[in-house]
């Protein structure tokens, strides 16, 4: 079934509108192309409604946000919702600044993304903002580990229900849930954290996946997480002597580019809780 | 003769001012360095006149345009024209949004670029705006193929005459014309479309080429197209097992870096119509 | 001792706030990660005070500056100083435009960076602005060579004293001084100049180094210069047939990633004047 999600992306070549940070934007574009989608970037308020209208979905990433791009996020987000396009929110740095926390919370409440993808700390910040948790939730661990897994799954399910969205929390163990069913995914490599933007790339790829699999968004989001994690494993296995994080970045995107449905089906490591 | 254009770039190290999108800007800078030029990026209206004054030419790329950078494009463009510097326009996404279409049309009419380089869809959009075509021109095919070649050449020549510029349309077959003579170029690989920004890189390289060959701009623009296409072929031939679009990107810029006049002369595949 | 500086970075994983240009920002982030630090980028005036507060130091790079990001530089710079965080200034293009020259001079006088890192031309521009030199200083050579070394060392020491900062001038020979002691460093490769942003990457790495070595900033800054230069040598030695500046960029960051204290101690080529 995950393999089917991959094939749907390659067949339909979903056009993804990205309002994303300038740090990792080039890798996001190449990652979307690698998985079979087609990226467009635009953040100017006067430009985004037209651009999002010709796309199939919208990826909002608040890293390096500014007042102009925030306005663009809301104009594009509202237009995308109006058109029935899926919207993904990557709340980069929510919790690290008031502006980021407030912007992410406003996007959740005013736009209502189909999918929210972040690390556990960002998701906890949003959960506090939406009332799922009060301040630091005792149930929500600081990292998703085998020991904290059950309470983390409960927490993420509750947040997904409260926001009526699919929530993907990525870390050593990844969780993807619609509030009922939770994929617990164990692909990936710790060395991926030494590359800037693997999370941003995943958000871009995930947007392409949910656009191409509109009737099966939960599984599509889980498939995207498996693709990225598996690409991290394949890329790592191909590292040559003397290579480091810069070459690893290329090798991961290359692995996304070459991944087949069969490879994904065989390499995906997940259980459902 | 194309080899001579290449040598002139390497000898004179033309300084190129780029107002370009933040998606592919790093690759544009490395591509300009690879071909023998030297890039400077600046888009702030208060900064661009000074920066363009110390350069030899200006590359305006409207991808990820915003109100501030649009103002920068006009300030820089007018200054460059005043100084007699060649200006290249890459109308990224013209036709995809009103802002992009209008901005590109205004740059054509108010600045008058020396060279316009885009894909057939962008060029058709501009042609409609300048009156060369009305709406969708029946003569202008949606893609330049062997079947539509003659009408495409006619269309591009007309647009070049109307705008008094050199026009480069890139795709499976590339066309470069000054309205009289049209280079029909068949270098390149379809896989280049799976890398973000090969078109943007070409615009950067082409600006370096026209700056370094002021008395021979048509041939210089054609040489730049051949360089990029041939680099795509050479880069592809060097791909290792497991590599994809991210490594391919590096291999193409590497091939531009190592290209010699002899290699270009022998590898360029073109006819003149 | 340089090796100790490297180990302190890897042990403490300094969080570095970067306000930097969009051309080379991805490489700066990966270079900071490669050396053992952790990067955050933010330039919005409303965001930067929060972000710099959670970091250990601030890297201000004025390439592609705009009115909004300039405001961000001052808000962040003042906050960082208030908190006692080290601030590094990379005055990209000072001397090339009035806006860049004025902005860099204002940062020197109003913020007072701990470290200023640039090429000789940028540093001479700042020296003129701060009164160290009048116009083109006869003592300050246009390039630091063996012939001009002594006068260049004198000039850089005077500028460091006048600005009460550590000054790093990079070029064929690199100079790092606090006004008393000057490291003269001969690592690196001329081919590094064919990659965009090796200077920007060095500024990012250097900020991580001074944050992690607060009691030994001069040596930390010199260590960062040696790391970058040595990585340029190691990366070059690993180049394969057909590779050029794009692969070289990856190989340099990879070499930073893999560098050990021992390798740095053995490979650093410097004398003290």
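We just call them A, B and C in the order they show up, numbering each chain from 1.
Going forward, a residue touches a chain if its C-beta (ideal position, glycine included) is under 8 Å from a C-beta of that chain, and two chains touch if they have at least 3 such contacts.
The structure displayed is predicted, hence computed values, not measured ones.
Peer 1: For the two copies subunit B and subunit C, what rotation in degrees overlays their C-alpha atoms? Round to the nearest 5.
Peer 2: With C-alpha atoms aligned, the rotation comes to 120 degrees.
Peer 1: When subunit A meets its copy subunit C, do both sides use mostly the same residue numbers (more than half shared) or mostly different ones?
Peer 2: Counting shared over all numbers used gives less than one half: different.
Peer 1: Could you put a whole-Å number on the gap between the CA centroids of subunit A and subunit C?
Peer 2: 34
Peer 1: For subunit A, give me the residues that contact two or more of the other chains.
Peer 2: Residues 22, 26-27, 249-250.
Peer 1: Over in the complex, which subunit A residues touch subunit B? Could you list them?
Peer 2: Residues 22, 25-27, 29-30, 33-34, 39-44, 46-47, 50-51, 54, 68, 234, 238, 249-258 of subunit A touch subunit B in their complex.
Peer 1: Taking the complex as given, what residues does subunit A use to touch subunit C?
Peer 2: Interface residues on subunit A, with respect to subunit C: 21-24, 26-27, 63-67, 93, 96-100, 194-197, 242-247, 249-250.
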